[in-house]
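One chain, chain A, appears in both complexes that follow, with chain B as partner in the first and chain C in the second.
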Partner chain A sequence: MIGRDLLGIEDLERADIERILDTAEHMVEIGEREVKKVPTLRGRTIVNLFFEASTRTRASFEIAGKRLSADVVNFSPSSSSMKKAESILDTARTLDAMEPDAVVVRHAVAGVPKRIADVLGAPVINAGDGAHEHPTQALLDCFTVRREKGRIDGLTVAIVGDILHSRVARSDIYAFSKLGAEVRVAAPPPMIPLGIEALGVKSYTSLREALDGADVVMALRIQSERLTGAYFPSTREYSATFGIDRAKLRFAKDDAIVMHPGPVNRGVELSHDLADHRPSVILDQVRNGVALRMAVLYLFAGRPGGARRARVNVSAGELAS
Partner chain B sequence: MSRILIRGGRILDPQAARDERADLLLDDGRVAAIGASLPADDAQILDATGCWVAPGFVDLHAHLREPGQEYKEDIGTGGRAAVAGGFTAVACMANTHPVNDDPATTDYIIDRARHDSPARVYPVAAATRGLQGEVMTEMVALVRAGAVAFSDDGKTIMDSGVMRRVLEYSKLVGVPVITHAEDRTLVGNGVLNEGPVSTRLGLPGNPAIAEVVHVARDLALAEFTGAHLHVAHVSTRQAVELIRRARERGVSVTAEVAPHHLTLTDEAASGYDTNTKVAPPLRSADDRDACRAGLADGTLDAIATDHAPHAQHEKELDFTEAPPGMIGFETAAAVTLELVRDDLLSPLEWVRRLSTNPARIVARPGGSLAVGAVADVTVLDPERAWRYDPSKGYSKSRNSPWIGAELVGRVVATIVGGRLVYDVERGVLV
Partner chain C sequence: MKTSHGEGSAAKSIARGTDEGLHEAVSPGDSHASRILLDDAGIRRSLMRIAHEMVERVEHPSRLYLVAIPNGGIPLARQLAQNLREIADLVVPVGVLDTTLYRDDLLTTGERPALRRTEMPSAVDDHVVVLVDDVVKTGRTIRAAMDALMDFGRPQAVQVVGLVDRGHRELPIKLDYVGKNVPTHPSEQVRLQSQAGGPADALEVVVVSRADEERRAAR
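This part shows the complex of A and B:
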């Protein structure tokens, strides 16, 4: 039963995830038409409330909303003025007075979408909060794997890199686990958060062991400017030990695919060659992201009679057009 | 001075190991008599049937925010909240604006308290100038002005050489040095106990080891210098164990624990409620249980609130930007009574940790109901159920993790220096 907001994968049931992925299958077809637009969300207002800079995710949500004919408004309060003048809840109340039908929130700090959802009449879709969750990324990752492999149940997914600071890692862990995959994480020890096993994964400090038998290898972005020296000694050493290239990929299954939430630091967490060529599917992830976000906006913002304060659950997904 | 006869209550006097039903007569600001069926004469009668009658609670750790941050709290509102929670005396930390690091500021606080606060106020002066952790304050002058202890609370004296000299010098004045023990290099940008909950919530973790490392250092320095170290708001199992062992070796150390560390865990932050953000952070259930056991066996001497008011707009910031701290005067007794109900503390031992021990640590009157003792008295109904609503409380701020909680046990009357200053039906009377 999908709730009012999409704050994280942790809150979803397996059936919810499958319903979103199934809906996204329909949306893919719209993106392949000559006129990539349906009137489903005509007259609905979707606000992209991005406190943290993000061109890719914001563009993906914006395109998704526009393909469904929603009016999409981008609102990006600078975080410095936030600290001084206005609390996040003030921003939320101000925005709410304009009566949007859905608000897509991105913030550098975990929990902000949840706190905004607590005061907002409109449904909130989390577009990434701190190191907490990035549910649409995980959903598009699952969608991409399902299209590649035909299933997720029984697969082994290895997530490699900065697990500590990664919202993608957490959402992927929940999503792939709920869909029946075995999830592993691998990183230098300082980047493996305390208690990560409680999320249902096994953690590895040996890349070889983590990749052994893996169907999916997910490389995470290394924020070298922030992490170098504090969490690992140098990008060169990181790349030599945890960077994914064709030689290390041989530890995984022969038909393993490589994924990355982007943007890639070429030559650090992923070799140049793998960043551009199969078995990596990075651009498919981006492409699928639009369809998946259309599905999410449809399900969360497209409720009959308007989504605002509508806490009734929509029944089985059916496209208006 | 009027006379008050507290009739029919259960007298809990840890100092005298007295736990019996008796009447208590207060006269001229002192305990005048204690015994069965005392004659009322002209005394005001306070019916305490079914209630506990204890020496007034003494809070070793509070932030009254005056001077400088009166939008959060001031000495008057803080003092009224204190007596509504049964505290007849509160020690206030030095992180005001200006910092309480000179005798003029200490004088100011004492003067404001005399005019505005129904509770006694004991200033804790800064251990170093401006809380900068570098240059020690004029301890002799500050103690003469009325400071009861020294602390850079809120900040940690990271320089071990400075801490050594502060402890050594404090022996000249014989008052405790209170340490806020969190190694800042280990805290980093952490805002919630590092562990499975911070990992799940994606919030930067503040590890237990940050407290443990710092407590270990300060205990070693206390042992080396022979000075009286008081460890503020202990929150971890290992810190409790380190203090226990230091005690056994004869180190002059006392320690306090906050109500929230005795009753809540980091799970309370699951909804990202910034009212659960506090320094040190709410810890694991294992740490909480160790703090409870440490309080029960006497390793931790006192319950201290760390009452830390913050304005609503500050707590509406995101979890990393919102300031740490929660108000605590009006809920401390009720929430810690859980330890009595769980048989970890007898009523008498509970009172000892709220009254007798903290009074002893700062060497101030109170903590006793012996004839001749100062007439600071708290009357509490341990069965009375109530719903906590900070908007109906006395603090200017509302940042409590217990908003809307159903609590059992309520202070029904508070007497300071023989004067009734709080009555649950009529509220604060001054």
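This part shows the complex of A and C:
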């Protein structure tokens, strides 16, 4: 069953993913109440440890934690002062000594949440590491599709954009594939990682072919901050070829939905009109994100043994001195 | 939860409950149970008597609001609602309230329990809310249910129905309506299930001793 940490979708079984989605289903109802709070994690502390800037994901975790009555502490060390791996682990250990019940980690370098998890007593939840994984985003994407379509098994999901640099794409590929969907990726050739087919996806350089018969069209953000080389001639050309608008959406199924992990570059990967209106479900993704993260915190936070392990370490240190 | 729901939504909730059938609500019957505490006819008789008691005791029966504690409370609350309609022409709202997130043992048990649905069709304010549970023992579930209920408003009063009262209370909770008082050993399991080999909507309350449970697990 579900392990101690949530580091990536790659480590999860299909049953684990379904359990998280089923739990989130019940969390939705709490968000619809007048009093949007249950006492489940009362007296528990959740630390948001964000080494990389984030407003949406951090706010989503914060609201999720607070709806479960946890105390949520935001900790955002500036990346510039934390360049050495040792200092990252030192920071993590310092926080761990305060005995949090879960630490939510985001870092620009892939693998940092795993390194932190190795030294921490508390469960670690990956909120995005480099171009590696962003598991809760993929889970909320699956959750949104399941609520929209009633199922995921047998659907066709087309992910369009910078697959190479996208942790969301990787996590989505794992998640949707494990739940039985056919996953396609479409992008200019330099943005498709070599050997992506090994993950069980089909890759396309023609948007039209990729969208043919698709139930879900997922547009990824063109992340200029991560694009150091020349991956496409110009934003305008990218938009003309791979930007999703109503005309291109006609290649997909009539009832296809459009998703985007946000924030949208309007007029680049998504037309202005689609960014705001059906069939895009971008705001539903945000809403569902809170319920999904409540489910993740419910299932992962405050595992017995976590805090105790940290306490043992402290007393061992005292004995040594 | 908006306040302006009338009898329409209550009726809808009952109808929806009927559609779901009992199999989803309670676990299927197990012929290995050691003894039957209440058979289907006994349950129906108890629920009819309890419905009469409610109408008699509650000052304004039109303010009744039944809230089932899943899973066992769901078919019982539905039957109570039907009885109230038959004997007093009352259409009462029927809600479902999962108590899991309000439990006091969540952080001491390892694996997190699965959540169940919560569905409150209308506001509880100024209603006489009657919590309906199948088997009451320690009283901890009822405590959790009362806390959960308060998050939905301010009922005029809260009462409790237990189809079976086992005793062994660990909190100062007393039942207002009891189907049957049954002295049991704390280690025994008492549960409501669909009647083994019976018609689809037939229920029974059975006692399963620990030995039975072990035998079943070994099978």
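A few points about this structure:
Heads up, the rule we're going with is that the second predicted complex is superposed on the first by the 292 of 321 C-alpha atoms of A that agree within 3 Å, B and C clash if a C-alpha of one lies under 4 Å from a C-alpha of the other, contacts with A are read in each partner's own complex, and residues count from 1 in each chain.
Here is the rule we use: a contact is a pair of C-beta atoms (placed from the backbone, for glycine too) under 8 Å apart; a residue touches a chain by one contact, two chains touch by 3 or more.
Please read these numbers as outputs of a predicted model, since none were measured by experiment.
Look at A:35: by the touch rule set out above, it reaches chain C but stays clear of chain B. Once the two complexes are laid over each other on the shared chain, residue contacts for A:89 go to chain B alone; chain C is not touched. Contacts of A:175 after superposition: neither chain B nor chain C is touched. In the superposed pair of complexes, A:23 makes contact with chain C only, with no contact to chain B.
After overlaying the two complexes on the shared chain, residue contacts for A:167 are found with chain B alone; chain C is out of touch.
Once the two complexes are laid over each other on the shared chain, residue contacts for A:299 go to chain C alone; chain B is not touched.
Within the superposed three-chain model, A:133 lies in touch with chain B and out of touch with chain C [touch as defined at top].
The contact surfaces that chain B and chain C form on chain A in the two complexes do not overlap at any residue. Contact residues of chain A toward chain C in the complex are 1, 19, 22-23, 26-27, 29-30, 32-35, 37-40, 44, 68, 298-299, 302-304.
Those residues of chain B lying in contact with chain A across their complex are 194-205, 207, 271-272, 313-314, 316-321. Against chain A, the residues of chain C that register as touching in their complex are 1, 98, 101-102, 106-108, 110-112, 114-119, 147-148, 151-153. Chain contact summary for the complex, chain A toward chain B: residues 10, 83, 87-90, 107, 109-112, 114-115, 118, 129-133, 167, 170, 193-196, 198-199.
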